[in-house]
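Labels run A, B, C and D following the written order; every chain starts at residue 1.
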Amino acid sequence: MCRWVAYAGPEIYLEDILFNQDHSIVNQSLSAHESVWTTNGDGFGVAWYTQRTTAGLFKDVLPAWNDSNLRSLAAHIRTKLFFAHVRATTGTTVSRSNCHPFIWKNWTFMHNGQIGNWNGCRKLYESHISEEFYHCREGTTDSEAIFLVALSLGLQHNPQQAIQQALSLAVDAMAKTDAHEPLRASLAVTDGKEIWAFRYSSDDRSPSLYFGAPHTRASEHFPNEFNTIASEPSDHQAEHWHKVDEGTCVHWTRERMNFYPIELGQRFV
Amino acid sequence: MCRWVAYAGPEIYLEDILFNQDHSIVNQSLSAHESVWTTNGDGFGVAWYTQRTTAGLFKDVLPAWNDSNLRSLAAHIRTKLFFAHVRATTGTTVSRSNCHPFIWKNWTFMHNGQIGNWNGCRKLYESHISEEFYHCREGTTDSEAIFLVALSLGLQHNPQQAIQQALSLAVDAMAKTDAHEPLRASLAVTDGKEIWAFRYSSDDRSPSLYFGAPHTRASEHFPNEFNTIASEPSDHQAEHWHKVDEGTCVHWTRERMNFYPIELGQRFV
Amino acid sequence: MCRWVAYAGPEIYLEDILFNQDHSIVNQSLSAHESVWTTNGDGFGVAWYTQRTTAGLFKDVLPAWNDSNLRSLAAHIRTKLFFAHVRATTGTTVSRSNCHPFIWKNWTFMHNGQIGNWNGCRKLYESHISEEFYHCREGTTDSEAIFLVALSLGLQHNPQQAIQQALSLAVDAMAKTDAHEPLRASLAVTDGKEIWAFRYSSDDRSPSLYFGAPHTRASEHFPNEFNTIASEPSDHQAEHWHKVDEGTCVHWTRERMNFYPIELGQRFV
Amino acid sequence: MCRWVAYAGPEIYLEDILFNQDHSIVNQSLSAHESVWTTNGDGFGVAWYTQRTTAGLFKDVLPAWNDSNLRSLAAHIRTKLFFAHVRATTGTTVSRSNCHPFIWKNWTFMHNGQIGNWNGCRKLYESHISEEFYHCREGTTDSEAIFLVALSLGLQHNPQQAIQQALSLAVDAMAKTDAHEPLRASLAVTDGKEIWAFRYSSDDRSPSLYFGAPHTRASEHFPNEFNTIASEPSDHQAEHWHKVDEGTCVHWTRERMNFYPIELGQRFV
């Protein structure tokens, strides 16, 4: 089902979060605690922001736990904001194109979950991707489709609304194609400055999601500051990890974190 | 732009055609003679028929010329009918899902060419893929889309007509989206028993296509029998190779080869 | 620590053993029961015999559990004798060259275990590979080194003795370099007709090893015939699986299975 | 036969040299001008220095020309000194472990060429790798062996002498094993601050080597400053490229470039 982590805070090396934590995301690739799939070995990806507009992107189909490139890159790349993801496919092919995160211009997106009955509602759901973004589709996952539908709905102007509408369209598509599986989503999107994370499911059994303040080499100067949103805590110090509630959107900015209920009620199609 | 070869004849090892020819398809991956792209190193694929209904399928993103798996498999797999393809991408991602051949049940398809303005007309063209086949889409190439549109149009009942209609819909989609690039196609499709190969382009500059009777370890018993349709001759003996004309469909059966003009004139949409 | 399976019996499809068992080797790649490493996702390999002298060989660095090529090849390749292996590296690089099985002419070898202090005794141990076989070294594993040392010691004339001597030289090299880790080996070698499997460790904690008679589509005609030697039983029917004892060499021929104690006592260097 | 480029100068993005040149190294991977092998598609590698001691290292077995990771990393990684290499294997396996550059602590090494009769003299030559460095061997190339032999001979104290001795030992090993092929080497080594490049062959037909001052976004402030040593000029402005003579060692420091004749005459074994 995938595991992911988003970091925003003082500049660190990727390895500070990806590797140098007791229960790091790379460790979770081999042995996740709070996922139906223990093993998340069907590829991985990292997107990190530098001085350029578009995030750097590194994805591969190998498991994260023994990838020599990931190990070295994580020890050399410094950044103030990055997304990382380890994948366990729910059916679609293992390929770089299906690995998260997905990027468009300065936007980055990743997801843990599924659109129910994806095979059955895919054609309908992809029809919501506008001409402008349709050619950006590189893979076949429901996740990338949610991103492209959200972009089509104005993600870059109102990310919170666009993601909610994209999820709402997914629920609609599932209903119209008699899906018997739920929609489940713990997802995150960023413009390189702020982060919006969503925990939502149609059956109130969303994938786990936390925010926290794990120690890094930068954190001595900024203790207790929340810098991480993640599928699972990356260490065992319960005091600096907090569960994101079901049906909640977390909006992280440099100044504060806000929490909003996710409302898909108002259908708009 | 890709190169491909289709074989149908007495049982041989894959290597008889893939490697043991002066100008084999693997040799063409490194150094094609009649292609705009000399190098076809963006992955490869082979589909071969055995006693099972669906063809065996082996694809990888590495260049064919030094792939240790391909070398060994070609020396051990015996078959009476197979398709092989080496890829030079015209823009879409290098991934297994974008490598040819593509298969569905007992059908196999491969293509060398392009739909003009693919980025612009992709949404329109993919809308012609029926619900039944839409979830089979594993990659993002125009080639796989032609196959799935043809399947949606009844390929399994009338392959010649379905492919022509799929090409016709491509020309339509290009026209509706103001494509400035041509449609070009040298493609082949089989049900495991017969082969239909098409050479067509909207600007009369189709990729090269030949049929021939290259020597294999089986050919002493069946000399001069046409057993190969290919982008390029695999040896330099001009007497057993013949060019397929522009705008022609070649229909190979065990008994004979028939040639039909391709007529896209009658639009049907 | 790896898991492996060797099959010799009536001709079957690879998938009959690799996939179509409750606890198949591919299933073990994701979730082994009797191994220190639950996950064996650092590549895989299969070597199978056909009419040719040298075995066919297919290896890749991806996990076996979601490899599309392995799935299709296993459904199309028929054989009377094959070796298959899923890897969990104990330190050496993830690469095709380090995946098992290893082949030389008509011989095939695979291993689950380790030479203790491999980094420290590697130079000494590799010096036992003769000039004739030294250039065959394609990777850096202790496993491949055992195979090449055994070949240097006359594997093709007396496999049982050569493997024992190769293991004995490993124990010697470990002793000379003050290894604190044990030698552990559950390994198999074949000439394409007979199989020799060894379960041995310097601390009496060898990796698990069984022989058995799992059901395949061929087994209705040959019920109860032992056709499999494997790290773990591939089904849960205890009555047709038997543990190989510590310090035992199993010699499988078409007529019978013989069991010999492994004696490394007589040092010969 | 491979192509490579070493850069040392004002901080730039990797892409300034790897991609944004008329005849960049990535372009050379598809179509080299001065190499026996036009295509260098058997993998690639980049090692770059940051604030850390050991260089960052990114290698893959795919061709450089269409690798999405390389494209993105090159656009985001900034460095003052890096080595990049595209490979055309002369026989050894295509694997990450066989891709250049090779690193050890703060040292980085890459090579274009061959030790003659490598299969025949490999055992003898590898015996010159000391215990200390033997376990660092990750692949099977003659190139990596030269690096490890040079490290064994004190590369970190006197690189110029150690490389010459390592080449001299190669010539000796070739002589003792009746090699009929020459030694050929255009190689470079760095400690992250200075660069030593060598152009030498036993038959005076060394692979091409140049130093130059290609334009980058940094070069407006430092025009005409030599910042690049490379197999081939990366643009067509002859005035800022100079051939390195046969049998020459180029020593680049921030202040100057020195040129020394390579003398292997004094044998020392």
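Everything below uses one rule, namely that a residue touches a chain if its C-beta (ideal position, glycine included) is under 8 Å from a C-beta of that chain, and two chains touch if they have at least 3 such contacts.
Bear in mind that the values here come from a model prediction, so they are computed numbers and not experimental data.
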item	value
Smallest count of steps, each to a touching chain, taking chain A to chain D	1
Minimal step count in the chain contact network, chain B to chain D	1
Between chain B and chain C, centroid-to-centroid distance (C-alpha), Å	39
Multi-partner residues of chain D (each touching 2 or more other chains)	68, 93, 96
In the complex, chain A residues that touch chain B	93, 95-97, 118-120, 122-123, 126-127, 129, 131, 134-135, 137-140
In the complex with chain A, residue positions of chain C that touch it	30-31, 38-39, 41-42, 61-63, 65-68, 89, 93-94
Contact footprint of chain A on chain D as seen in their complex	48, 50, 52, 54, 56-60, 68-69, 72-73, 75-78, 96
